[in-house]
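In structure tokens below, several structures.
The two complexes that follow have chain A in common; it is paired with chain B in the first and with chain C in the second.
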Partner chain A sequence: MRIPFALRRILQAVPITLGIIVLSFVLIKLAPGDPITMFVGDGGASPEYIAELTRRLGLDRPIHEQLWLYLWRLLQGDLGMSIHQGSRVWDVIFTRAQPTIMLMGFGIAIGVGAGVLMGVYASARPYSRRDNAIIIASLVLYSLPGFWLGQMLILIFSVKLGILPATGMSSFTVDAGSMWLDYAKHLLLPTVTLGASLAAFVMRFVRTSMIEVLGQDYILTARSKGLGDMVIFYKHALRNALLPVVTYVGLRVGHILSGAVVVESVFGWPGLGRLLIDSLFARDYPLIMGMLLVASVSVVLVNVAVDILYSYIDPRIRLQ
Partner chain B sequence: MKSIFLPLLMLSALVWNTGVSYAQTTVAAGKPVYGGTLMAGMPLDLRNLNAAIFNATRTGQLVSVNLFDGLLRHSTWGDGKLTPELAKSWKVSSDGLMYTFDLERGVKWHDGKPFTSADVKFGIQGICLPHHPVGHLNFSNIGSIDTPDDYTVVIKLKTFDAAFLGRLDPKWCAIAPKHLYDGTDIPNNKYNWAPVGTGPFKFKEWVRGSHMIFEKNENYWQKGPNGERLPFLDRLVFRVIPDETTLISSLESGSIDYIPPLDVVPSSEIPRLNKTKGIKTVTWPYANKDIFFLFYNMARPMTGNVDVRHALAYLVDTQDIITRVFSGSANASSSRDVGFITWFTGTSAPHYGYDLKRAGDLLDKAGYKKDKDGKRFQLNLTITTESPEFLQIANLLKTSYARAGVVLDIKVYDAAAATERVYKKLDYDLHIQTVAVGPDPYLLSKTWHSSNIGAGWITNASGYKNPKMDQMLEEGVRIIDVGTRKAAYAAIQNVLMKDLPMLPIASSLKVFVFNEQLGGFPIGYTYRETLAGVHWLNAIPKGR
Partner chain C sequence: MKDFLYYQRALAFWRQFSTNHLGVFGLVILMFYIVIALLANTLALYPPLMTGTGASFAGVSTAHPLGTDNLGRDIFSETLHGARATLIVSFLAVLATTVIGLGFGALAGYFGGWIDDALMRITEVFLAIPAIFLALVFVSIFGGNVWNIVVVIALLSWPQMARLVRAEFLVIKELTYIDAARTSGASNLYVIFREILPNAMSTVIVNISLTQANAILIESSLSFLGFGDPAVVSWGLMLHNAQKYFNQNWLMAFVPGLSIFLTVLALNLFGEGLTEALNPRRNARSAP
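And now, the complex of A and B:
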């Protein structure tokens, strides 16, 4: 049942994606500015050079012709060439997606992990001091803008304490030690920055959801059977309380990607977020289109995955 | 054309230029040591690394200059002279039309192949002319290039061009290898992203958006001023750090050792960095003269009125801008030594000091009297997000203009949108932008010649049409005698300051910020110098 469901959802996403492509294509072309000027740079260019570049990039054709050509190539799996990077769009995105996936993966893990732990901990004694303290902490975490939190973490852990690197994915120093340890050190501050607001949200979801679940009859039954708190919280209550969290995280993926744009800029993380900003400033049409396409398809796929995940968390849910 | 002949008669002998001169460098206490790594931070990733086909001054050339050499280079000493590089000397014929270059012997490309005159001929005609954005503008005047032997290049021009030698600076034509480019699709040649040059460092690795690694060229042909081997460093790492605050924090935390002079360190940060332990800053006036200009759109009724332009100029308090926006790290454009074109002409240009009363009188005279609310008219001021200083200057102007009853509406766009609006459609009233007016003043043509109206990024966006100015600019580049040429540009600067299509405000100082254990940074005329002379002092620090 599950595979046909997933396939159906993916097929449903095709017209949506096509709509996104057409709309993005037209909007990008309508935006003021063009890639030629940005390609040429600050020294200007001769008319001959501009004419040749315009022809080579196919920008001398009418917009509908450019769109058809783009769709036709897309059907053949060709996302075109990046104007500024001179490489195939797919290669550029693939290379830059890996750091972003790593950042988002660990960011979500930290956000969900910390959020769930804090939520469960707070829900055990609702309205107690520790509950209030955690609620206030989550409010603070949620209110901190990513760029500010990132800078503060750099200031404390890199500039003042000197224990974590300020930027990039690797030290490039000759004595960086273990490559994985070096990666981990570089990953810590960006993922904490990215995961902070997610943790705050997840904590509040889990707390509310847990308080509701803990008040249900089957929990009372479990208690009356003499089960311990840990078993009740983590085995019986949390599993049910997690459903809204999974939905929420699934819906937040797009927002987390936006957060990654900021975090990548602050920490010089060579991922998709920074690439998107650079390609927008450069009006690198093929690259912008490729990234929008990949982003929209990813969000659709994550939502399909979330639907499928439901049935694992709550076997009563059937995918039809 | 008349101006050519007298200097030609005066130029009775062949002009020889020879002898290598070297960059002025930062002086530091300590003994230079060989080896180690330098980590540099850059705000932007690059498009490609072949300086022969791209034009990105701010980042690209600063990086690729370490991989490539030019035939010659603008002097590093602040005097605008040209110094030999791959061409160890040259001579110019008495009519100024024939240039004979004598090339360095024994120079090898990074792949071990010998560098010869065939590379120069192909580099100019086959790569730079058709594929560099300004290649046609710079080299279409070449009639022929002959290579009588492996180490001689003879270039014949169709007409005299006073700026021709300067066009051979690697900014406009780095020499790339014929054997790897001939017969290929040059814009898409794989070596554009993994270059083979003759420079002091060899390409090793480039991870887009992250870093570039170059390694020492053990066979680099050029020696230091005292005959020392170059380069000192074993490895250069350029790390991409887009956020300015993080860039500075990275230097403070030791993640990087050096921030190049790319206008990314805000002027307001320099005093603090100067006091920071372990960090050193060096500032100097940049001789390419990146001057902050206020553009007036002369096609608009108000800014098209010369009295209004003069009045608005009297409302610009340059000293206040230098103090509050640049924390003192800028020169007024009225300065005789480093301002506007005065650095070339040696004579002062007329300038407009802050004078509220005079501005008011001029606006009254132009027919724009204050209404009952004390306002005269509203103008939009279009700026880009490229430099934080643009918005800071715009805000000061807004306050200053309000005193005279002129309301400013500040509009901020990214560079692409601003190019469309300002430089192509001329859809604006006022605009602030930095424009390089050096190293040769012929560059003035791009912003003031009427043929460049609406011609794209940093061209004649004022819509300035003055046939006399067009003629003066065209003649300026054809004058051989330097003294006569200086006088011609002094006349040009007087007309420009009177017509005032653009008001020069100030030029910011360039700043190197680096780990104080480093020495040998090339401080001088341009910032496009190699890092061949940079070295650690006394010992290589841990991790480097």
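And now, the complex of A and C:
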């Protein structure tokens, strides 16, 4: 009996997820400083309380039992308590993930949008001057470090021209009517910065994929029927050329998340990236490990979801 | 005779490589920064990180070719020394990546079976974790000195290298000449290093230049976010310092960032040129 593709793909993700959990557990154990001291703070506590805390956190047990305990708590969705924020790690992450998801969503939209347009434009005349220009543009965009691109955009549009805000997600001083415009203004520079390198990849991917598709017989058929370039390009060819892009963007989600951390830091965006940097400086290890875990497992889950989605778009995949 | 053959091959390679103008352009930029890094002590006007070499935020002058920063440090001299730090750290990281990646990739590809399965699952774990998260956590736990940054970049880059090497080995080990070598009594080690590896090298070399570009980006990101080695000037650290002073002297952010960008671009162009010259059948453009 064949196991359905979706189930097979989910099962494949289990060992990777376990590996990530074990790796993050090892990192916690290697972290300097005693977790108990960090929990009670500099003031200290009575020996009874410390003994009680050690037992409650399971630190008196052998290391493999601690790993089991850690796994067991994770299964129940318990990531522990943040030392500095004073609330559950999961709640802190959940709140701060929303701005990051928004940033990534718009960043991906801009990156894919610009990438597809430029890729199609280049593929129309392969190896022409236009094509070369777009390939060079892609290399330039790809080599631009996100943090520097962000700084230069701030320098130009905020410091010199003064038309866009440099940091934050919204201004306090706007009235309800122009609230959306204010959000959009704050979003523009960070999303362009985040989308730039994705656009570079998508552009080359679409170009290659389009050139391949345009060489196929059904395109020749469409041409001989007398269809116009626009119809052939955007209706017949692009549809098929875009299929692999779906998987590709899914594979890059981890890189985009990494990019978001840097971009948030440049633009003072109040998301997971800022939270990660702040908690690293505060040495809030439960929160740090929670973020490492949630970020990595999310990447794995997105990849699984994209693969399953793709198997519905292109059923041939399911048989491989 | 042997020397002559090597010379012939090098010449043939160069003829092929030099037809790719962008690749040559990349090589020139790369050489420029390598020379700058080597001669940093001679060319720099002041020691790195020396404060008060002039007024704060001084403009461009003969004493300060690129002006000064908030503490009166000379941006020109800092950039020269930054080249040294950035290039050395990324070079060491790439060296480590290549050794680890080649070793594990060759093991997995050549022996297959459970070794291959286990190693591939491990690479999948590393590839799933967003790079900057692991890098930041690692550096904050073990400290942001140069060696730890080298280690973490290698930790992040070896899976890619190992998978590439493995894929090459899987293909090459099935070729007839490998069977011939085995029948004539060659040991596993001999087959791996003398028969298969030389033919896998073109892929490895191209990936080295791309890994180096990536290593520079990771190193600069860490320094930019404030987790680098504060005692060593690097381009990322300069950008970190520049963040608050866009208004006062824009060169503070522009010069080191441009250097990072140009070096990374040069490595990417050079890598593409290498792909074309070493693998003429595989057009660099067809692989995104």
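FYI, the second predicted complex is superposed on the first by the 250 of 320 C-alpha atoms of A that agree within 3 Å, B and C clash if a C-alpha of one lies under 4 Å from a C-alpha of the other, contacts with A are read in each partner's own complex, and residues count from 1 in each chain.
We adopt the following convention: a residue touches a chain if its C-beta (ideal position, glycine included) is under 8 Å from a C-beta of that chain, and two chains touch if they have at least 3 such contacts.
Just so you know, these numbers come straight off a predicted model, no measurement behind them.
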Chain B versus chain C as contact partner of A:L23, first or second or both or neither: second
Which of chain B and chain C A:S296 touches, first, second, both or neither: second
Touching partner for A:M152 - first (chain B), second (chain C), both, neither: second
Contacts of A:R274 with chain B and chain C, given as first, second, both or neither: first
Chain B versus chain C as contact partner of A:M169, first or second or both or neither: first
Touching partner for A:P32 - first (chain B), second (chain C), both, neither: both
Touched partner set for A:I50, first chain B, second chain C, both or neither: first
Partner chain in contact with A:F201 - chain B first, chain C second, else both or neither: second
Partner chain in contact with A:L242 - chain B first, chain C second, else both or neither: neither
Chain C-contacting residues of chain A that also contact chain B: 31-32, 147, 151, 154-155, 159, 265-266, 277, 280-281, 283
Chain C partner contacts - residues on chain A that touch it in the complex: 15-16, 19-20, 23, 27, 30-32, 135-136, 139-140, 142-145, 147-148, 151-152, 154-155, 159, 201, 204-205, 208, 254-255, 257-258, 261-262, 265-266, 276-277, 280-281, 283, 288-289, 291-292, 295-296, 299-300, 303
Residues of chain C defined as touching chain A within the complex: 22, 121-122, 124-125, 127-134, 136-138, 140-142, 213, 217, 220-221, 224-227, 239, 242-243, 246-247, 250, 253-254, 257-258, 260-261, 264-265, 268-269, 272, 285-288
Contacting residues of chain A [partner chain B, same complex]: 31-34, 37-50, 52, 56, 84-87, 92, 95-96, 99, 147, 150-151, 154-155, 158-159, 162, 165-176, 265-268, 270-271, 274-275, 277-278, 280-283
Residue ranges of chain B touching chain A (in the complex, touch as defined): 37, 39, 41, 44-45, 47-48, 54-58, 60, 130-137, 140, 171-172, 187-188, 192-193, 207-211, 213, 237, 239-243, 245-247, 249-250, 252-256, 413-421, 423, 446, 455-459, 542-544
